[in-house]
Amino acid sequence: MPASRTPPSLPFDDDALHEECGVFGVIGVPDASTFVALGLHALQHRGQEAGGIVSYDPDRGFNSARHFGYVRDNFTSSEVIETLPGAVAIGHVRYAKSDQPRPTAIRDVQPFFGEFAMGGAALSHNGNITNANALRRELIEHGSIFQSSSDSECIIHLMARSLQRDIPSRMEDALRRVEGAFSIVAMTRTKLIGVRDPLGVRPLVLGRLGDAWVISSETCAFDIIGAEFVREVEPGELVIATREGIESRFPFRPRKPRFCIFEHVYFSRPDSILGGRSVYETREAIGRELARENPVEADLVCPVPDSGTPAAIGYSLESGIPYAMGIIRNQYVGRTFIEPTEQIRNMGVRLKLNVNRALIRGKRVVLVDDSVVRGTTSRKIKEMICDAGAREVHFRIASPPTAWPCFYGVDTPRRDKLLAATMSEDEICAHLGADSLKFLSLDGLYRAVGEANGRNNESPQYCDACFSGDYPVAPSDMIEQGFRMETPARRKKKTPAE
Amino acid sequence: MPASRTPPSLPFDDDALHEECGVFGVIGVPDASTFVALGLHALQHRGQEAGGIVSYDPDRGFNSARHFGYVRDNFTSSEVIETLPGAVAIGHVRYAKSDQPRPTAIRDVQPFFGEFAMGGAALSHNGNITNANALRRELIEHGSIFQSSSDSECIIHLMARSLQRDIPSRMEDALRRVEGAFSIVAMTRTKLIGVRDPLGVRPLVLGRLGDAWVISSETCAFDIIGAEFVREVEPGELVIATREGIESRFPFRPRKPRFCIFEHVYFSRPDSILGGRSVYETREAIGRELARENPVEADLVCPVPDSGTPAAIGYSLESGIPYAMGIIRNQYVGRTFIEPTEQIRNMGVRLKLNVNRALIRGKRVVLVDDSVVRGTTSRKIKEMICDAGAREVHFRIASPPTAWPCFYGVDTPRRDKLLAATMSEDEICAHLGADSLKFLSLDGLYRAVGEANGRNNESPQYCDACFSGDYPVAPSDMIEQGFRMETPARRKKKTPAE
Amino acid sequence: MPASRTPPSLPFDDDALHEECGVFGVIGVPDASTFVALGLHALQHRGQEAGGIVSYDPDRGFNSARHFGYVRDNFTSSEVIETLPGAVAIGHVRYAKSDQPRPTAIRDVQPFFGEFAMGGAALSHNGNITNANALRRELIEHGSIFQSSSDSECIIHLMARSLQRDIPSRMEDALRRVEGAFSIVAMTRTKLIGVRDPLGVRPLVLGRLGDAWVISSETCAFDIIGAEFVREVEPGELVIATREGIESRFPFRPRKPRFCIFEHVYFSRPDSILGGRSVYETREAIGRELARENPVEADLVCPVPDSGTPAAIGYSLESGIPYAMGIIRNQYVGRTFIEPTEQIRNMGVRLKLNVNRALIRGKRVVLVDDSVVRGTTSRKIKEMICDAGAREVHFRIASPPTAWPCFYGVDTPRRDKLLAATMSEDEICAHLGADSLKFLSLDGLYRAVGEANGRNNESPQYCDACFSGDYPVAPSDMIEQGFRMETPARRKKKTPAE
Amino acid sequence: MPASRTPPSLPFDDDALHEECGVFGVIGVPDASTFVALGLHALQHRGQEAGGIVSYDPDRGFNSARHFGYVRDNFTSSEVIETLPGAVAIGHVRYAKSDQPRPTAIRDVQPFFGEFAMGGAALSHNGNITNANALRRELIEHGSIFQSSSDSECIIHLMARSLQRDIPSRMEDALRRVEGAFSIVAMTRTKLIGVRDPLGVRPLVLGRLGDAWVISSETCAFDIIGAEFVREVEPGELVIATREGIESRFPFRPRKPRFCIFEHVYFSRPDSILGGRSVYETREAIGRELARENPVEADLVCPVPDSGTPAAIGYSLESGIPYAMGIIRNQYVGRTFIEPTEQIRNMGVRLKLNVNRALIRGKRVVLVDDSVVRGTTSRKIKEMICDAGAREVHFRIASPPTAWPCFYGVDTPRRDKLLAATMSEDEICAHLGADSLKFLSLDGLYRAVGEANGRNNESPQYCDACFSGDYPVAPSDMIEQGFRMETPARRKKKTPAE
């Protein structure tokens, strides 16, 4: 196996936003790494490029395994699990950043481990540190040696240099220097630690399994191991689970939370619980809202599989137009068309999706998709639907126009590659060649996630920077590299769908 | 790579019927093997254990590649495709037979190749030869040496011994000796040949791609390469495609066709066209018929993913009960949990499916599944749904009770492992612990596939042996091994749901 | 792993003759395949491309494993050995033919297996069948289907068509149709069978291990398992070993034996016993003979490692010139520089051999090599020695000029690539740029192997066709392809070193 | 690929001393990594467990590759070399330490890399740092985070914390803190750096290739790339090669050199030049000295292959007893009998060596081996020779008794496992069951390496701690762990052969 892997480059893989990470940890069960493997398998949708697990056993110390590829392929065999003994373990799944200059190396795969004077600690992280470059420069000047190109490694080095006498306090020291979005799962020999940044941008939940404690990005990972969902880790909270129980600390200056609204739209698994409701129900509500805002006469409501499905069901229920599977997904598509022939690469979306020709012919079709990023896939799907003889194609998008890159742990294209950054709704409709195209309004999205009065523009309830350009934390590294934040006034004109 | 592979043994894999093969061939395009790889990828649902491709090029002769695993992993790279040059190629995907005494060897993977005095031919086959054992004994006595344990190899040896001077005529000779169900794609240096048995049990379709001809198990494989669906190969037809065009022969005694009705229920892909209609529409019609026959008061109609989905949509549309995704399938489950730890193996169905807890709680749920084989998965799903707090669970099965094994190319358990062979509908309901359970009637199924008057018991329109025990071809090898066919009268009593 | 492998193509690999096979079998021990694996490991020098083992166990039938690469890498793990149970097993190691049009496929790797009406048999073979093409054509015309491109498969098909009622008799039938050189090890469920062609061209020896019987290409494979060398299988003998003991048959017309004299020069391992003496001793005697025939004044006698070593020691002992290791072989060179960079491929012989510069500088060196084939390696070695500052370089070759290809199981270049087919001894010396070069005479070689009066030209005691062009069996397939045998008279002039 | 590998455990692998490393670097050629790969291939005898290469290219920065296994298998393909562009590169081969508590991880494989404020540097090392534990503790307390368990990583961290403004000066700072034996090859973006510890325990040589500079553990690696041997790097020298030329620094307090005398006996390749003479000649001289000190009447002198060969030739030349290959080494034995069956593992030395039975029978044999470590292999060889019918077996060992572990980069067993630490010469002879056994005296060894008056006991010319227990640098980490150095007086009694 190569020590590094080129990010996959199929055309249709470019045309979606990707969560960069999922984290999971458990303390208090024998063979903790088995539970972590199962939890990571349930979180695989948050990252498919690589995964890692670290465990600790009093006799055999800290052990780790890191692999490119799926959890099921790398972390479910006895052979691997036996190398990861102990009653405390954490793990991580990672998505490939599409804009990175070189392929991911196995040393970039989390969790990261550091040996401190008082013992070792391992740490994994979902999110993005927006001042990582500055921190890294400073640490190198003082003699720290980085193992990886990962921003998260800064946290370990900051901890190593702290003068605090215990690891959680060193972590507090370190995290106070860090800007951005982070949901962290960390461990020492005797502690499982979860931390969420003060804004709570990324999710992190706490669960119980008998006497054991579990921390995860999402609740769906509790279900697979039979753990009970206790509560969310609160924004700004550092929670320490040991055999004795739970301790909470709040090391940061309090701020009003800004949870990522896109977790509702796309990232989280539909069977996870967010805000007391299943994500599926929220998405169905999004579809209903979309139908109310943008009705159309049609014969069928079809989802773009699989992410558009719940919203399409909601659209159908609200509009009364029958729901149907007009596009069939080949369930054997994986990320592993490694270096296909030119001819096969060019097939693009047809390797993955096929139109249900006999069903679609002569029909007026409402196509429900979760978002439009570059628009390349949407355009091809529209062509396939028309080739199959559809009479009309109406796009209904279950989110506002994605016009701004995310700097908080979601892999987005550069701004100039985002279709909605440069085109109005009508222009996008023309670009895709559709009969109509409508985005959900930002207020509509807020209503669907439970904010009856829509967005509070004075003090927004969520991080919606990808739609609004309103960044709750200034992305300092990116600004240093030339990214220009704009004033709300200028923005308004460019993203008319808001 | 091992030369053989143990069939996968996850508990939830035992509890479904599996198609054993898909076939695909093309003549008249450069790099024919690329098209075959794409076609096989589209037919992957018909067999995931292994695949093979043979091509012919005037300069480099016949070449072949055979691999365990998915088409996308083995047959899409330039490295492999370049070893398969030429303008004519055929391929095959294969399912593992669950009852075989030893693991599949790579030499058992089709297509098979034979060098005859007038040149070589390769052949692949979907179906099952019911007199293979007797033929094999006879051939060995006359000095034939078998390479594989596959029944299909008999055809090649019968062809080798024919006195005819051309390969299609040798194939006619050979196939007249063969009993059972077979849809064959074969090739010589200059011909692509398709054959369907006289009953037409398995599907086979003919398509065009510019000047090239294509033969496939299903039409969905035409869509991926942009080929046009011309017509079905007729039952009993041997069709020869060359650069000059198409020639049809009918070498068998004519019989009334008996197409496999289960292809409509489960095997074929929903976007394939069978009988002039998409399989999806037929399954939606099955769901409607099921709702008419077996209505129930409930809050939600949920499919068992993914095969129950179209019927669940039909049930919802007919009954007016809202459709919802109450069970979420982990899209990263594959066949590759190879030798997992005991603990992980025991997770069984939870590795694959999770209940949408927040949605299901307190609801009366109609669960629509395509069939019940052993019932093991159904039972676990019912438990998961109840654990999540559902108030009632009503199973609605989109086919009649599966009470008889198939001998025509479908991998079914021995009769005593089939739940419906030993239990009545009520007993099955009690066994699963459901609040109610209803199968679709055999007449209802016939109506849904377009036979307005239901089954013609005097002369059934389909092969429905798995439901009725009415085998259109006597399975001679199995009878020799002790299988007892029963009279319709005795059968009636045992399978009350008919 | 690929199903086929390109033959290695390092320049220095072209410049030697290669044995094509080693065979080994055992009956009467539990886990017979372990013994076969060890025996094949000891015979690895006879073939490194691939190996195979077949075993038979009453409960689990015939089993086989075939792999490209070394025995130690493929056949020594419990995982593999457990798939090969039983008390009788045979095996084979194979060399890649350098002139084959396409890479070896795994299906070409022996032993071959055939299922006959009275049970199965497996067979492996060292040698070459000189009328294989004609036999193959005839068999195909009668309906046999070949699995491989191997000549040896003919034997299995001829056996399948025999009307005899037991397998050894069918083998007699088959072998009477076969021309060429063959040392065969075969097995049925209860018998281990060894056969040597009437001329006894290739070696085959019989051994005992307690109550078990062992058959091998060479005695060195008896030593590794602790078996006792009983006797050679005689030319023309078919020996059958069962639990009851040994039975000998002589199915062929008796002929005067012509054992391959090159086995003494190069192929056999130095610790094997041939003709009652260790091969090492024979090679030392060859070196002594060479020193007597071709003395020279010099400071050091150095072998070309490793095959020239025993003859160099003999030369030193006879001449009194000190023996020294002037060329050091890198023991980590393998056959596995797979697709090296252009630059590394061009290093050629330097990857494998290095001159002991400090030792050689200013010395007159006698370089002893076993033979000269294409001369490419010899030329490079001479350059390296001179670069290191040697004062004189005298080649002494421990065999006569190799001027004719072998058709009896040794991989030789086409005649026009053999240096000695086109150049006289003096021309070769000039070509290599040496100060002198002398071959051993054919009579000298005969004396060294124990024929005090040298070669009996009326009725030669050995097969020496590679030196003399005197082929004891006409190579009919090659003649059909245009190879011209010459009269001894014409030959004499071309190969003056005789 | 596993991220770590269990050290090989064949019985006969335990019974030798193993060099732990070879280093190689080049600056000033395009594709420097190709030259490093070739150099490492030539140094493979110094370490077979794993290898690594780092290169630097202005456009693509620092790149590295690390692999378990042979250089030829991992670093010779275009695929790998292309990932290592640039005109400066260094590399390392590593032997597995047999006493390490856990398998080597890939992160322990050198070269190590560190990013400093003024740019990156990579470093690899042959030797052992005897105060590494203390240094590591200190560094961790100050916030350094170690990537590996390798002692060499300390150097990188000490460099990172230095306040010097350029990398060579930082290296001087770091190395002044380090105790033990080290021959280092390091690189920056524009410099190739070699350093040898003040005692010069391990070898390091400087060469030229046109305008390029090369540094290597041994001269044999110059030959393979055609480089010219310029001189040894001097003990205590830090040499910096750039495109402009060579700069020498001497950062350490001067000491009298103590080169490892065992490099002459065993570690270095026979074609390398040490002290102006080929190692082969020194070994031949050792054999002559051994014959003079310990003559015996016999028929044959046989080496234990392959390391005993030059000394056996020397013994033969001095004694007049003919040299012969009485033991034949199977050249296809590798380190890759991975997890063989129990039965095969028990074969032990027979998998690797076979006695030339026909040659040995009835003879009086002098067996020359380079050293006796645990004696397990010697004992088995003696048994094999006797089984073959030898009349007498006389061991002559080409070095003094190995009675003390090495702490300077050679992998030796714990003292209580060293046969000569607990037995006298006569006891060892009895233990092996030989007719006689004699070691070379320490003075004899000194004479053979060119010290006409033998060892200067007041101020020994070499490091001979493994024979004498006279450690030139106190092994502080080992002393901390309980190792007891003894006074020369007490030692004398225990190791009588001195």
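Labels A, B, C and D are assigned to the chains in the order they are written; within every chain, residues are numbered from 1.
Criterion: a contact is a pair of C-beta atoms (placed from the backbone, for glycine too) under 8 Å apart; a residue touches a chain by one contact, two chains touch by 3 or more.
Composition by chain, UniProt nomenclature: A, B, C, D = Amidophosphoribosyltransferase.
Since this is a predicted model, take the numbers as computed values, not measurements.
A centroid comparison over C-alpha atoms places C as the chain most distant from chain A. Centroids of chain A and chain B (each the mean of its C-alpha atoms) stand 37 Å apart. Look at where the CA atoms of chain A average out and do the same for chain C: the two points lie 62 Å apart.
Chain contacts here close into one cycle, and each chain has exactly two touching partners. Pairwise, the chains that make contact are A-B, A-D, B-C, C-D. Within the complex formed with chain B, the chain C residues making contact are 1, 3, 65-66, 106-107, 114-117, 140-147, 156-157, 160-161.
Those residues of chain A whose C-beta lies close enough to touch chain B in the complex are 31, 34, 37-38, 41-42, 44-45, 48, 70-73, 76-79, 81, 220, 223-224, 269-271, 273, 276-278, 280-281, 284, 306, 309-310, 313, 317, 322-325, 328, 330-334, 336-344, 347, 350-351, 354-359.
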